[in-house]
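Labels run A, B, C and D following the written order; every chain starts at residue 1.
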Amino acid sequence: MEDSHDHTGVLDAVMERVRSHIGEGRVADYIPELAGVDPDEFGFAMATVDGDLYSVGDHARTRFSMQSITKVFTLALVMHGHSGSDVWKRVHREPSGNAFNSLHQLEFENGVPRNPMINPGALIVTDQLLSDTGDSAGALQDLLCAETGDPGLHADNLVAESETRSGDRNRALAYLMASFGTIRNPVPEVLDHYFRQCSITISCEELARAGLFLARRGRRSDGSELLSPSDARRILAVMLTCGTYDAAGEFAYRVGLPCKSGVGGGILAVVPGVCTVAAWGPGLDEKGNSVTAALALEAFTDVTGCSVF
Amino acid sequence: MEDSHDHTGVLDAVMERVRSHIGEGRVADYIPELAGVDPDEFGFAMATVDGDLYSVGDHARTRFSMQSITKVFTLALVMHGHSGSDVWKRVHREPSGNAFNSLHQLEFENGVPRNPMINPGALIVTDQLLSDTGDSAGALQDLLCAETGDPGLHADNLVAESETRSGDRNRALAYLMASFGTIRNPVPEVLDHYFRQCSITISCEELARAGLFLARRGRRSDGSELLSPSDARRILAVMLTCGTYDAAGEFAYRVGLPCKSGVGGGILAVVPGVCTVAAWGPGLDEKGNSVTAALALEAFTDVTGCSVF
Amino acid sequence: MEDSHDHTGVLDAVMERVRSHIGEGRVADYIPELAGVDPDEFGFAMATVDGDLYSVGDHARTRFSMQSITKVFTLALVMHGHSGSDVWKRVHREPSGNAFNSLHQLEFENGVPRNPMINPGALIVTDQLLSDTGDSAGALQDLLCAETGDPGLHADNLVAESETRSGDRNRALAYLMASFGTIRNPVPEVLDHYFRQCSITISCEELARAGLFLARRGRRSDGSELLSPSDARRILAVMLTCGTYDAAGEFAYRVGLPCKSGVGGGILAVVPGVCTVAAWGPGLDEKGNSVTAALALEAFTDVTGCSVF
Amino acid sequence: MEDSHDHTGVLDAVMERVRSHIGEGRVADYIPELAGVDPDEFGFAMATVDGDLYSVGDHARTRFSMQSITKVFTLALVMHGHSGSDVWKRVHREPSGNAFNSLHQLEFENGVPRNPMINPGALIVTDQLLSDTGDSAGALQDLLCAETGDPGLHADNLVAESETRSGDRNRALAYLMASFGTIRNPVPEVLDHYFRQCSITISCEELARAGLFLARRGRRSDGSELLSPSDARRILAVMLTCGTYDAAGEFAYRVGLPCKSGVGGGILAVVPGVCTVAAWGPGLDEKGNSVTAALALEAFTDVTGCSVF
């Protein structure tokens, strides 16, 4: 952020941009348990690499379902592990040009997903993390608890069960990959971890803190290295080009920051070396990104000039 | 068959055409249990509506895995049932222009398969037959036993288990349809029946007899009506346009008869009102059709003039 | 036709089935000049191999635009020529599973069209006929004049010009093939012949007579051989599997005869060895086939039992 | 660039990384006139917003064919014009997930290209610039001459003719869009301008200077505003997500800068607010990007830390 903009101005600008749009969009209903979220909730938080935390909105401390935002964290864990360089043999890093749960590209490309930010790619990452750690969902939960400082972060069991019951599309993706031999662990086990990961709930304030290692060039809150600086940079590149489903170009154009969104309505954005931003509103646009969270991020970069471009 | 051709001439011509090609093609290996079949086996049989049965080849009485040839019989059972007209709301009847286990067309067409002769379509038919009868695989076995007069026809359990173990592609197809709501019974149950159906073994002589109801305008061996004459005719139309995977046009061009092939190496062909022909050789061409069985059918129509065209 | 049905019964049955549907469907409007045709016109004609001609409908002698029906005749001319066997190296004979003017399958399959009944395949056939004869459109016109006995059959210049002006999709198909090297003559020249061919006008009575060589196993009206009996049979196979755009399966199921339709609203059907049938009504269904002509053919096979199945 | 790295160190590092790879890759041969370029040539230049220019390589002043690099400049001209906001109604800004000259996505998406960095999108931009200025190729040449300070920059007529002769794929793309009504000017005219634009030759030193307005937040060399700062930022976002064909994710990961490549072997990269970098080597990888130019850019960001991430 440029010096001329203090955090109050930023938060005010965000709320001003968002206010009249609260309630817009459509709450995700393909996971029944998510459909009941109040569409009028909104939260926004920013955490700086210097340790400051600012937030605005009535629900900056309300927990919501992380869903696909977990994909960034599981990718980081895999890149941290001994399989760091191997994972890129199992998943590419190109934008897909298709919806997050599309099968046909996966079929044409022999079960090797386009990137780790879409469902099939995240299933491969989960499969790898399961092989690396023996407990993929547990490893993710540990990371999130440590980075937020809250040992109580956990999956919402009702959501996890709802995901499991309505997870046929993800089952199809996983079995298609298994038929190509690109998933290694038993499919039901991989899916179980994947569903539990997606079901973890987190608030904007917690999410902004949890993602700070990406702004800190790979350093965790305790100063240890989760990722090398170049690997941290590379995750940001993957987020920018692939992190918002089939709207990555639109986000790069409008927001200009590496982002990762989830159908729970959250979006995590990173200003490299400076801060993270987390925004949440349950109403989604047709591409599956939160309407109010996207507007909040747009206001943030407009006011602060904090685009990477 | 025209009167000028007695059956001996036909059988001789078939053997002459096939002889030098025995052993060609590639035995299906994606189901491990099938990969062990001797590639040099060959059998051929024809059964007339008048009750005559002729055969040639060392293995006309050797049982082989029916695989996709069962799709014709389960379709007939569903059309016979009270759901006869309903099934066409759940599956189309157009050629697919794609491989038998392709997913992408199914994805674009919202989980409604192109036709009942490809895997996803046959899964829908099995799902319907399961709803109609409570035991899809049992209903099929009963029909085959009755029509062949051999109460001992049954699934090969080793093949069924092998299919189950290597059935991830079919699982992906079934879960993709379930995600669209076009499969109604639990996917594992539908797959279980489907795999057992595909694993039934039959010989050329038995298969020719079993399919005679198609040549008899829908009449079973006991004279009862399995299908109305127009429904029998319609199954033949579906076989001709869709029965040999992505080589239906080629078969229509070269053979000119309604056919259904299976990756076990068998092909069933029908001369409407006249006879059925069953040929078997384990070696498959790149489209998944038996090399020697296709040649045998080609020789059959060349000699007899029994094309529908 | 079975003896129990005289031609009067057939014609009556056709009219009865069609009457209440006259005017249904949508007149093709992508070629502006065709959009002005009166949607209430209807004609039907059958020509037997014995030389009889029967017709019904107020417009059995009204000329309409042949459009894609010409594809059967240009294919026959190419198969007749010295390039007969070569043409199948340039175009496949499988159903496409896609709309008649689709590009994406052509792109994936390196510019080799699925079959000669869809636009790209017919452009290849025209290209070949142009190489064979130096005048593809002229060769077609000569054939049609000779078989109908009317030397005055010709292209409608206004329609041809309208096709040319609105032919960008066909230009795209042709240039895509040229980019793969699968079109040999200059694209504008091939398109010029193609557009003129499509623009030839013909009546039901004339069309039924013109197609009789297909029912006569390849013999022209003067007794000479246009095609060998096996080649004639093979064109019928291509018509049945590919002749009605992406509704070939539906036509096989409902009509059970080799057919070729055109967006001018005409359909030509063949009963091998017996007769041809031509029906015309300008209103098209969503697949591009005439609503009333399809109903007329369905009534014809219902009454006569003249399905190939 | 960080202070600890003077320009000499950067240039040395680039040459060291590139040296052993000179000659690798495959010179583009689909435009015959390009195929004759010496594969061993290499050049590299950087131009700072402060007016400094540095270069290395024997061919930093050798002119090469701009090809797709022109797409950035024509897009800038259109965004500058009164149609700036309108152009985004005619072309999207999402990564395509496909090759630069692919048709099938264009077909499924009704003739609206994915982004202006692939051929169909650039044809739309050219069509718009033609409508805006009456002379698209002329407007581009004027811009390049002004920004480089060399009034003699021009198209290579032999290359332009070669493009025209071998441009059937682009013709297919343009006519497909015309069939959807998304191209407005006559296709041959649009193609003529497009081919001439692609054929302009430029050296690394000139290209680095020509692109400086992108690093200067939209300011031209004479200080006037070609683009607003936010529009300049947005073009960079489009370059990063879409500028290197189907390898945009890979470039973001490895280089981390907005880039635009061309099949002539050149790549232009931008460090926002700091400098531009131009690299050239004729040998291309399988995605169509220069092998040595990509390595040079990778070395540049490694040494300088000048990634946007």
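Everything below uses one rule, namely that contacts are C-beta pairs under 8 Å (C-beta built on N, C-alpha and C of every residue); 3 or more make two chains touch, one makes a residue touch a chain.
Quick caveat, the model's predicted, so the values are computed rather than measured.
In this assembly, D is the chain whose CA centroid lies farthest from the centroid of subunit B. Put simply, the C-alpha centre of subunit A and that of subunit C have 55 angstrom between them. Centre to centre, using the average C-alpha position, subunit A and subunit D are separated by 32 Å. With touch defined as above, subunit B holds no residue shared between interfaces to two or more other chains. Across the assembly, chains come into contact as A-B, A-D, B-C, C-D. Residues 102-104, 107-108, 168-169, 171-173, 175-176, 178-179, 187 of subunit B are the ones that touch subunit A when the two sit in their complex. Within the complex formed with subunit D, the subunit A residues making contact are 92-98, 105, 114-115, 233-234, 236-238, 240-242, 246-250, 252-253, 256, 258, 272, 307-309.
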